[in-house]
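Both complexes shown next keep subunit A, but they swap its partner, so subunit B is in the first and subunit C is in the second.
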Partner chain A sequence: MKSDLAGRVASNPFLVLGITPAFSRREMEREGQKLLGMLELGMAEARSYPTVFGPRPRTPEMVREAMAELRDPGRRLAHELLFLEGTAGVDADRGEKTVGWSGAFSALGLSRWPSR
Partner chain B sequence: MALPLAPLIWLAIWLYMRNRKGGAGGVDLSPGFWLFVWIICIWNSVFVAGLLFGGAAVSENPAWALPALAAAVFCFPWTFARWVLIPAGWTRAAYYVLRIPGTTLWKDRRGGALAGAVWAHTRSGRRSPRVDEWLQKKLAALSPLKAGGVAALALSRAAEGEIDFARGLMRLVLAFDRNARPRRILRVAVEWLAAEAATRGDWEAVRAIGSRRGVRTRWTLFASLAARRLLGESRPHALLLRAAWLLAPNRIGSLGLLRLALAGRQDAPVQREEGGLPATFSDLLRLHAALWKEGPASAGDLDRVQLGWSRLFMKGVAGGLRERAAAIAAANAEHVWEEARARIVGDLASMLREHGHSLAALTPSGLTEDIRARLEDEGMEELEHAAGALARRRANQQVLPVHDELVEWCALRDLYESLAGVASNGLRPLAFASVYPAASGHAVWLFNERGERPLGNALLRVLLEEARNAGDVEAERLQAANVAIPI
Partner chain C sequence: MASRDIFMGIDLGTTNSTAAVFDGERVDFVRDQQGATVLPSVVRIDSRGTVTAGSRARRYLESDPENTRTEFKRLMGTREEMLFPASRQKKTPPELAAEVLKVIRRAAGVQIGFEPEQAVISVPALFELPQSAATSEAGRLAGFSKVELIQEPVASALAAGWTADEDEGFWLVYDLGGGTFDASLLETRDGLLRVVAHDGDNFLGGRDIDQALSGWLAERLAEEHGVRVSRSDPSDAAIFRRLKLAAEEAKIELSHASEAVLSLEGISSPKGEIDVDLVLNRATLDALALPVIEKSIEVCERLVLANGVEKGKLHRVVLVGGPTAMPVLRQRIRERLQIPVAEGLDPMTLVAHGAALFALTSRLPARPVAVSEEKRRSFWLQYPGMSSDPAPHVLGRLTAAPGDGTEPSAAEPFAIRLSRSDGGWKGGLLELDAEGAFVTSVELLPRKTSVFFLEAFAKDGSVVPVEPRSLTIVHGLTISDPPLSRTVGVALADDSTREFIRRGTPLPARKTLTLRTVETVAKGSEGSLLKIPIIQGEFPSAHLCRLVGTLEIAGREVTATLPPGSAVEVTLELDRGGRLSARAFVPALNRVFSEVAHLAVPEIAPDSLAAAIASARERLAGIRRDAFANRDRNLLERAGEVEAHLAEAARDLAAARGGEPDSTQRAQRNLLDAEAVLAELEEERSWPELWDEAQQEFAFSAEWVARLGTEIEERHLSEAGRALEKAHQGKNATELSRQLRLVKRLGTAAFYRHPDAWFWMFDAASSSVSRASEPAKAAKLVKEGEEARKRGDSAAVRGVVERLWALLPPDPEFRRLGYDSGIR
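Take a look at the complex of A and B:
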C-alpha cells in the first residue's frame, strides 16, 4: 500500500486492539492486556485483525504501540477521526469506474508466464 | 534464374572473410550490399521452392514437399515463426529460425530473434527454468542494444507481471532510429502498447496510438476506432468499426472489443453535481478507501471524492469533533482537523500521479489549489533527487549493466511524466529543466563511452521530443544536432 493515509487507516490503533472509539481508556487497557496474553499463548485468533483491506498481522509490539497512542488524548482524537471499521462495504458507494478490456493481450497472442 | 545463386554466395563469403581480416585488405561494404545479396538469394530460393512444389504436385510424391517447405522457411522466417513456432511455444526453434538472415529483422536480427523467442516462451504453456536461463543469458549478451533487444526485454518483464516497466521499454522501442528498429518489432511494440492501454481502460491512449502516423497497424487502427466510440467523441459509425474489425488480424480474439465498442460509451461523463455525496467524515473516508482497495481509480472517482472532502472541509471543524475533544480532554480539535485535511490532500495528489490523471480533470474546489501545490512540491523534490543521483553515478563512472540502466531511465521518465502530466502546464518547463542536464549527459555517456549508440540515440530522441513539449529551444537545437549523428 503506497498511500500514507491508507497505511494509517489500516494500522489504526483501535483496529489493532479490536475496539471502537466508544471504549473508555480503562476498557482499552483491559483489551490490550488481554490481547498481549493471547499473543503470548500463541492463540491464532489474536495473530491478525480485520481491516477494510482484509486481515492484517498483529504482533505484541503493535499492541503496545497502539495502547501508547490511545493513552494520549490528542493522538486518540486523530485516530478516532481516521477510524474505519468493518471488513466489507468500502466499495459500496463508489461511483462509476473505468473498465478496461481484459482480452486485449490474449487477442494479440501475448500472455504472461503461467504460474510455476 | 537460379544459376547466379552459387557464384553470388561464394562472392559474399569471400568478401565477408576478407572483411573479417580487417586491415588494408578489408573492403568497406554498406549494409545495403548485404541486403542486395540477400534479396537475390531469397528470390532464387522462392524460385527453387516453386519448382519443388510443382514437382511434388506433378509427381504426386510428397517427399518433394519437404525441401520445398525448408526453402519456404528459409525465405520467410518471420512469417513461419510468427504463425507456427511462436503460437506453438517453441522458444529455441523460434530463435534460430529468426536468426536466419532475412529482410524482416535485418536491422536487429539478434534482438528481434530474441523478442520472438521470449514471445514463444510465454506461449509455451509451462515455464521452463532452463529455457529461462538460456533466454536471460542471450538477453544479457546483447550489445549494443537495439529496438529488438529492448522489445525482448519488455516482453520478458511483461510476462513476469512488471507491466509498468514493460510499458516504459515498449515506448522506448518507438524512439529508436529506424536503422536500429525492424518494422516488425515496431508493430509488436505498438500493438502491445495499445493492448496494454485497452486492458487498463485508458481509451485516450489507445486512440492516440492508433492515430500516430507511420506506426499504425490494422489492429491499432481498429482499436483506436473502438476507443473513439467508447470515449463518446466523434463516434465512428458502427459500419466503419465493423469494417476495421474485418480488416484487422486476430478477428476472433478482438470480437470482445468490437462488442464492447458497439455497446456504446463505457465511461460516463464525470458527475460534477454535488448531490449524492456522503456528508460525514467517516462516510467520505469509506468512499476514499474504496479508491485504494480497487484497481486504478478513474478521474471521475477521484473528482467525486475530492468534491465531497472539499465540501466537508469548507464547513470548518465538525461540531462532533469539538464535542468529542472536550469529552476526552483533548485540546487540539483544530489541529487534528487540519492534519486530517493535509493527509487527504496529500493522498489525493499521490493518487492523481499514480493513476496518471491530470489536475484539470478535477472540478475546481477548495482543495484543488492545495493538491496542485502538493504535487509541485513533492514531485519537484523527488525529480531533482532522482536526476541528481543519476548525474552523480555517471560522474563516479559507476557502470551498471545496460538492462539496469534501462530500469533507471524508465523510472526517471515515469517520475518526470507523472509530474509534467498532472500538474499545471507551467510546471513542465521547470520539471524539464531540472531533469534535462542529467538525462542528456547520461544519454551522451551511453552513446560515446558505453558503446550503446542506438540506445543513446533513442534516449536523445526522447529528450528532443520533450524539449519541444517543454518549449526549451536551446535543448531542442542541441538534441536535434545530437540525434543527427549516425548510430
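Take a look at the complex of A and C:
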C-alpha cells in the first residue's frame, strides 16, 4: 500500500522534469525540451529521475504530460503544494493512515463499483 | 553559403485549398496555371478517364455534375466511394483529395524548382481519428513521402502571431469555411502558444448560407414563375445544384456590392423553358445568413464561458475562411463578442501560411535531408525549428558507424563546435560524453533565421567531416504540443466507457489499460469474435460517443480457447497529428492483435436512421407530456432543442434519399446531438429518483467512512457531500453523477476494510449464480468459496468473488448499445 502513495508523490511533474517550483515557466519549457531531446536520442542520463523512493523510469509521454500540467497555472499551484508536501513530509511511520482514498481503492484491485 | 531549406504547408479545404512555401524568411503562396492562389477542391474525370482538379475542374460543376465532385473532404474517413459514371470509375475520398494535392505539388514544383516530398497539411480541430488518417493517406497517394498534420486553428494563430507583434493574452480563432466551423481559444504567454480549448460544428459553413439562399430562390421560382422544385425529389437534384451555384456567386458578390442579379437560363416551367432574372439585395442575404452566423457565435460564447475567460479578457479574434468576408458577419462578431477583429490578415490563405511555419517548427523540409554517399560520421540532432527562447538547446548524438564496421574509421569525433553562419556567435569546443552525445545551447538572431554550422574534431584536433553540416532555427513563437480534441476510449459491454486518453491531453500520447473478456473466444471457431470498440467523445454512455474503429480478435486466429475474464492489454496511441493506432496484447496467448477492423465513420442505412429518428421522437413525446403536466418551461425549451435536431436530421435524411452524398452523415450527427440532449433530459426527469439514490449512496459511504475510513477519506467525503448539495441545487445531473462516483469510491474503499466484507460480497454473488455464463464453473466456484469461508480465508473468497463477477453476463440491451463490445 505504501507504494501507491509513493507513486503519487514520485510522479509529481516537478520531479519528472527534475526542477523545483522556483523554476519559471520559461525555464520549465527549456528543461522539458532538453529532456525530450535527450530521451529521443536515447541518452541514459535522461531515462530515469531520482525520487525519495529511489530512481523512477522517465518516458517522453511523462515529460509531455508534466509540461502540460505545469503550463496550467491552477494545476501548477496544486502540484507545487504536493511537491513541497511530498518531499518535506514523507514519513514512513505514519503508515496506513496516510495512504489516502485512491491508494486504498486501487490497492484493493477494484477499478469499478461492483455491479449489484 | 548554406542553402536554405524550404518548408511547405497546405490547407486542404472542403471548398478550396491553398498552399504556402516558406524559406525561413519569406512566405510565398503557390499559384496555379491561372495565377490564382485559391484552388477549388474539385475533381473531374471525363469519359476517357482523364483526371483534372482545381479551377479547370470547377468549370464543369454545373454542366457535368455527375463527373465532377467536390466537398469530398466531408466524406474523409468514411468508406463511401464516389462514382464517375462517364469513365465508370470509383474513387475514395482520399484518392480525390490526392488529386487536388497533386495539382498543388506540381504547381509548387514549378515555383520552387523541385517537387516537394514532405509537407504539413492542416485538418479541422474537430476532425475525428479516421478523418485524420484519411488525410495522411491522401498525402501519401499524392506522392509525398511524409506528411504531418496540424490543426487549422493552430495554423491560423501561428500565422496571425507571426505577422503581428507578439502580444500576450487570449485569442479566439473563428474559422468558418465552406462546411466546417471551428472556434478555438488560444493563449500566448511568454512567447508560447497554447490551445486552451476548442469547440465547433463539423456541419456549419458557407454552404449552409447557400442552402438557405437556394431555398429562398426556389420559393421565388414557385411564387413568381410557378416552377415547383423539391429537395427530396431526385429528379430536382440538378436544378438545386444550379440554384446553389447561383446562390453562392451572388453571395460572394454581395460581400462587396449591395445588390446582385441572378440569371438562370432555360428553367423548365409550366409555360415551357424560361429565363429567370432574380434580384437579391444584401439585406435579404444578411437575414438568410444570420442563423448560421448566430449559431457560430453561440459556439464561441459557449467556448469562452466554459473556460472561464471573461469577454473583456479576449485580446482579439482572428477571422478565417471565405464567409468571414461578409460585412454582416464581422459586425455581429464585434457586437456580440465585443472583441477587436484582427485586421490585415487574408482569411483565405492564413491557414496554409501557418502550416508552412509549422513545417519549419517541426523540421519537415519540403526536400528531405539527403543522406550522403560518402562515409561520413553523422549526428542525430534534436533542436526546435522555431523557438521563442533566444538560446534554445541543441542536442546531438553520434549514430552508429557507417559501413560494415570492419575497418576502424580513420578518425573518431571527439569534440564538436557550433557557430552561427553570420559570424556573430561561436560556441565553445564541446567534448562528447561516453555515449557520443552533447547537450548545449546556441544564440539566435532576434526575430530572424539563424543557420548554425556543425564541426567535429578528432582527439588530435583534426577536422572530422560529419553530417549534417548545418542546422536552421527561427526565433519566433513556440507552439506547445497540440491537445487532443475529443476523449478517446473503449466501449465496454455494459454500454459504459473506459477512458484512455482524455480530451486536452498533449499529443503524442499513449496509454495501456488491462480489460477483461466477457465470454469465451473459442479456439479456431469461425463464429466467435471478440470486439473491442474504440470510441471518441465525452459521454458516459458508449452509444452516445462516436465509434471510430474496432479491434477484433477472431476465434480462427486464436491458438488456445480464451475463457471469460481473460486479460487483454489494450494500447491506444495517438501521434501528433491525431492518427490513431491500437493493439491488444493477450497475455494468455502471448500474442498481439493490431488489426483495426475499420477505422471509418460507420455508415448507417437510411432506413435504420429513420427508425432511430422515430424512436427518439417517441422518447421526446414522453418528456413533453411530463413537461406540460408539470408546467416545466425549462424542460419544454430543451425539448424544443431536441426537436430542432430531429427536424434537421429528418430533412437531411430526405436530402440523402434525394442523392446528396454527405447528408447521411449530417443526419447521423444531428441524431447523435438529439440523443445526447434527450439522455440529459431523461436524467433530469428522473431527478427525484436520482437525488434519492444519491442520498442513499451518501449515507452508505458516510457510515463506512466513519467506521473504517482514514482522515483524508473523511475530508474528501465531506467535500464531496458539499459538492453533491451544490449539484442538487443547480440541478446538474452530470456533476451529480460525477460526485457520486467519488462518494461510492470512498465508501467502497472503507467498506472493503471490514474483515467480513468479502464474505458478504460472496453471498451476494452466489445468489445470482443462476445467470452465470458457465453454470458448472460458477457452481464449482461457489463451492470453493464456501470452503474458503469456513477456513476464514478472506483473500481466497475475494478471488472467488472476482471470478464469479466475470461469469455474470452483461445485459444484452446495454451490450448492443455499447457497439457489441466483448470486454469490460
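Going forward, the second predicted complex is superposed on the first by the 77 of 116 C-alpha atoms of A that agree within 3 Å, B and C clash if a C-alpha of one lies under 4 Å from a C-alpha of the other, contacts with A are read in each partner's own complex, and residues count from 1 in each chain.
Keep this in mind: a residue touches a chain if its C-beta (ideal position, glycine included) is under 8 Å from a C-beta of that chain, and two chains touch if they have at least 3 such contacts.
Model, not experiment: these values are computed from the prediction.
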| item | value |
| --- | --- |
| First (subunit B), second (subunit C), both or neither touched by A:V52 | first |
| Contacts of A:L84 with subunit B and subunit C, given as first, second, both or neither | first |
| Subunit A: partner with more touched residues, subunit B or subunit C | B |
| First (subunit B), second (subunit C), both or neither touched by A:V9 | first |
| Partner chain in contact with A:R76 - subunit B first, subunit C second, else both or neither | first |
| Partner chain(s) touched by A:M43 [first = subunit B, second = subunit C, both, neither] | second |
| Overlapping contact positions on subunit A, where the subunit C interface meets the subunit B interface | 96-101, 104-105, 108-110, 113-114, 116 |
| Complex interface listing, subunit B residues touching subunit A | 86-87, 119, 122-123, 125-127, 155, 158-161, 191-192, 194-196, 198-202, 219, 250, 253-254, 256-257, 260, 266-268, 271, 278, 281-283, 285-298, 300-301, 304, 321, 324-325, 328-333, 335-337, 339-340, 343-344, 346-347, 350-351, 354 |
| For the subunit A and subunit B complex, residues of the former touching the latter | 1-6, 8-9, 21, 52-53, 73-74, 76-78, 80-84, 89-114, 116 |
| Touch list for subunit C against partner subunit A, complex | 189-192, 194, 380, 382-384, 389, 392-393, 395-397, 435, 437, 439, 478, 480-481, 483, 494, 505-506, 508-510, 709-713, 716, 741, 744-746, 748-750, 752-753, 761, 764, 802, 805, 808 |
| Subunit C-facing residues of subunit A, complex | 25-26, 29-30, 33-34, 36-38, 40-44, 60-61, 64-65, 67-68, 71, 96-101, 104-105, 108-110, 113-116 |
